[in-house]
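You will see two complexes here that share subunit A, one where it goes with subunit B and one where it goes with subunit C.
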Partner chain A sequence: MESIGLGTEFVTFSLTPILIGVLAAVACALPGNFLILRKQALIGDAISHVVLPGIVVAFLITGQVTTWPMMIGAAGASLVAVGLITLIRRLGRIEAGAAMGVTFTTLFALGVLLLEQSDTSAVHLDVEHALYGNLESLIWFSGVSWASLADPAALADLPPELVRMAAVAAAITALIILFWRPLKISTFDESFARTLGMNVGLLDLGIITLAAIAAVAAFDAVGSIIVIAMFICPPAAARLMTNRLECQVWWSVLFAALSAVGGYVLAGYGPGWFGSDMSVSAAGMIATLSGLILGVACLFAPHRLRVGASAVA
Partner chain B sequence: MALDAVKLVIPEAELELAGMPAMEIRGMTVSYGDKPAVFSVDTVVHAGSMTAIIGPNGAGKSTLLKAALGILPRVSGQVSVFGMPLEKAKAKIAYVPQRASIDWDFPTRVIDVVIMGLYRKLGLLGRIKEQHTTDAKAALERVGMTEFADRQIGQLSGGQQQRVFLARALAQDAELYLLDEPFAGVDAATERAIISVLKTLQAEGKTVVAVHHDLATVTHYFDHVLMLNTRNIADGPVATTFTAEALQDTYGGRLATAQVEQLQLPVA
Partner chain C sequence: MSGFYAFLDALFLQANYNATLVAVGAALLGLASGSVGAFLFLRKRALVSDAVAHATLPGIGIAFIVMVAFGGSGRSLAGLLIGSTLTAGLGLFLVDWITQRTRLAEDAAIGAVLSVFFGFGIVLLTLIQTMASGQQAGLEGFLLGSTAGMLFEDALIIAVGGALAVLAVLVLRRPMALVAFDVGYAETLGINTRRVDMAMMGLVMAVTVIGLKIVGLILIVAMLIIPPATARFWTERTEWVIGLAAISGGMAAYLGAAISAAAADLPTGPIIVLVSAAFFGLSLFFAPGRGIVAAILRRRRFQLRVHLRQGLLALAHGEKILEPLTLSVLLRNGFIRADGVATESGRALAAKTLRDEKRWDIARRLHKDDAVASRYDGLTPIEAVLTEDEIAEIDVRLGPPQMVVP
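Then we have the complex of A and B:
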């Protein structure tokens, strides 16, 4: 059977990882648009790193690696991180980027130490898992052919990561649509937003919470590398394609999906094209591809010259 | 009977609005860290007036404006707008921030910024109808920016950006317009356009307050003045308040006598 064929093997081994990859990428890219415009791009970085100590602490408390304790641990750690960042900014009076850098490296290091000190040898919990995820292993065993998509029994056997990621992506999309105007206005002009009676602090917390939810939901399936890349690369490339926020968000979704599909296919099948029977990390390839898209956008996108560009029509 | 009651209610409400000061600030103190930027300021902005807030750099002019609008937290003080607490009167206020406080690289067009002024009418999910676009374009027309409607805001000159912000305030259709340094770094044509719009607003019965820097134009542009240097040094009609003595008190001797003489002030 042709390895790139879209037959049974594709449905079983590649369909669900690709879908999960796309959903995770889109879920991160959506809030990423606002994080970048608010000069908070690093917050995504921070959240995806502090997930590690969060899940380790959850494991130490519950003694098992199950989804919900880990998610709660990760969410708790994100809250602690956001709180610490705010505290360091206020008390230390240093700029946000430095506060974030200090916080997430320290908490990540703490996570590594905790992991080494605890007995996790019996369970699948390690730094690599947190970084790269396990996208390739999210196989749909009951998905024996395309017809399985219409088979309720097979659908019930879809990897839970897919269902979870789809729910999170849908929730993030819905919230961003619902609060589009306040988010846009408060990102553009905070003072003006306050005079309209908007709760700017709550919106600020809201967008960071959305980012945290996306990061926490995504890390388990796809790992931190993709999360970090998707918060920044697709929205940054999208910004270079257009001068309208509405269009920028669409472009970012397109670039995120393109990175996920392209990266997965390249990682799984690409080495084969060069006669190698190895495959490379899908997470790594997806993140790399998103970086490449950003690079191409920097060179060729229509709106890459802005500040300092001439004001001539 | 019912009709009579209605007739009675409307004029009374209008009368009340007319008699009320547009904005009343009592005991306002704002501080950054330990140092008060604005200390115990009492002042009244008369409805229908055109009021300048003047004072040296660091006198707390912008801070006072922002704190009065709830943009900055205040240590103490009360603000009422047309006799109502600030929170209930926000629909009557349009605020134009300092141009420098904005990232003009933001991906949005001129017309989109003006439509932001219609947020109270549109709400979270209200569709932008033709009437809204017409209103936004009318606001752009008033500031002479019609032809730039589809331009990205970063591709405008400083004066044009300031006019877009004024158009957004006009779209808000407010009663009280508060502008933070509307003439800072703008070209002469823009300054004329802005002052003409502000004078029209005043003629329509609206109240205008602006943080202002150019002492030479105070008497031409404004009829009331608040002279601020952390504290309220003097406030009232320009004719009686904007005196050489008050200026020296406000600027703490930083103004040369020659400068003050050039202003041709009314003698106190």
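Then we have the complex of A and C:
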């Protein structure tokens, strides 16, 4: 494979996957900041597992693999999962982690069983796809050169995933900016938020819904595994960089974008540097890179220790 | 119908040799994972197992590559399992290290480890697919488990591994139960809790690795989490949670393996998880004490007692009762007639209830600062709290009983 050039081929084959990867990563990392601080990091894990039964049920009902029914199915499954977790916690008096474990494994198992039972041979729907997506295939056929960016006809042919992901990322950003103050206050001091008259329960549900929207929009393009990694790794690394929430969010966006671009490039071109003509999973590589960033942050970031812990623990 | 007979065959170990071995192996695995999971559950660390399970994937990939590099086919289950144990151990170590050495909470550490290790595992799997010997490696089977076409040696590894894990749980159950129940207490008994925790995590890893081939790494955590959560509904005692979790885990795995042997498109792992989930659902609803139905019945009984008491007091005071539930409770017990007039027995009990209430009035004034006053809930008869002598003393102040006139 030839070396990385930012020429024609890059525009056709790599520009849109990289953009989609970055948008998906940022869309997940933004709500991830709040999940991490609220000790709800694994809600993201649970949601991304139940996406599978959601899309399978949507397929069984509509009989085809189209975007909107799948999205609605996945979103419905996330809501069902969150409801079940709450039900098991409250009525069964079972600790949150175990309630989550029971719920998402059961729903995932149901999804796999339904998939095996239904005739999906004619359509592209399988567990692997839901897990690690297919970022590499989201190419821009009409994007023949950089000039295509100014060509309305070519722009109309952009992969719909890009448009969708951009819209979702923009919506999530807007919502977080709009509700910044209540979100921040209720995350750090729930009882204070309550005395200010905020509806803490509703904000809680709002954050989880936001995470579910990000997960559902992203899984289609990049698969569940990136979704979980991006919910947790960039915000966790960012948390070790600063004590201010504003800075943490910026750091997390930076780390998410870095992981997405770096991971895609490493997966696509990395093996070529060793003289091999193959490529590896971009989704897996993006998750790996986000983990490496978190690892470096754990070792060297300025605010990595708990307040009060000695530096040479 | 043939499917049902195939199910019965598998259930009574009459199916082919491999299916039988898979069912026995699954049952042993279920026993071990249920009891090991119970310790995790009681330590409130259930989801650590999820990180361990996902962290096995890169180990499988690395082991395959290493075995191929040394000229093997890379398919030896033992070799793959050793590789997966190594990375699972590394994942576990990282979860603990991140939780202890940085300010990130355990849930963030779990999520980070599981997603990054899994992502790296996927990178290795795609790498292997491009290798000449990797085309039919079938490593994807470890994601969701695959028992179809399992080799005899593989089934044997699972059965023996499951049996060893059960044995280890039996040997270690006392110290592990003590630590799971109360860490501080276990320490005062001179138990090295760190070492016990490590043994517990070692068993979690063992069970996970043994289960990879049957259930797959995404769903193996279900075998560690669901049975203890099920068992918890039936008992308040630590040892019983562990025992019941083992039984329900073993039964779910055995039944699941038998059901999946009955038809081609019933994948073993998901079926085992769903059988286990069915046990959980039944317990959530119908367990005595902690179950939802029991809770609803308890609430209903309480409600009826309150209405009966208030209805009798209303009769005693000659007040008109309008509340439909109160009326129906009194009617059902024969304390009023259909037209709302109190019966003989109703008047008698109303008088007694009124007297009880008056006695309580005085008792609460007498024992103002006592525990007695706090026992008043408007339902407990005073005889349950005070002695006859004390009641007689109250009665002196109260005067003789009064009739309730119709």
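Please note the rule applied: the second predicted complex is superposed on the first by the 304 of 313 C-alpha atoms of A that agree within 3 Å, B and C clash if a C-alpha of one lies under 4 Å from a C-alpha of the other, contacts with A are read in each partner's own complex, and residues count from 1 in each chain.
Keep this in mind: contacts are C-beta pairs under 8 Å (C-beta built on N, C-alpha and C of every residue); 3 or more make two chains touch, one makes a residue touch a chain.
The shown structure was predicted, so the numbers you read here are calculated from the model rather than taken from an experiment.
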First (subunit B), second (subunit C), both or neither touched by A:L113: second
Touched partner set for A:I185, first subunit B, second subunit C, both or neither: first
Partner chain(s) touched by A:I232 [first = subunit B, second = subunit C, both, neither]: second
Touching partner for A:A150 - first (subunit B), second (subunit C), both, neither: neither
Greater subunit A contact set [subunit C / subunit B]: C
Touching both subunit B and subunit C, residues of subunit A: 239, 303, 306-307, 309, 313
Subunit B-facing residues of subunit A, complex: 37, 178-182, 184-185, 187-189, 191-192, 194-197, 239, 242-245, 247-248, 303, 306-307, 309, 311, 313
Complex interface listing, subunit A residues touching subunit C: 36, 39-42, 44-45, 49, 88, 91-95, 97-102, 105-106, 108-110, 112-113, 116-117, 127-128, 131-132, 225-226, 228-229, 231-233, 236, 239-240, 267, 271, 276, 278-281, 283-288, 290-291, 294, 298, 303-307, 309, 313
Residue ranges of subunit C in contact with subunit A within the complex: 41, 44-47, 49-50, 98, 100-105, 107-108, 110-112, 114-123, 125-127, 130, 140, 143-144, 218-219, 221-222, 225-226, 228-229, 232-233, 265-267, 269-271, 273-274, 277, 280, 284, 290, 292, 295
Residue ranges of subunit B in contact with subunit A within the complex: 66, 69-71, 87, 90, 93-95, 97, 101-103, 105-109, 112-113, 116, 119-120, 122-125, 151-152, 154-157, 168
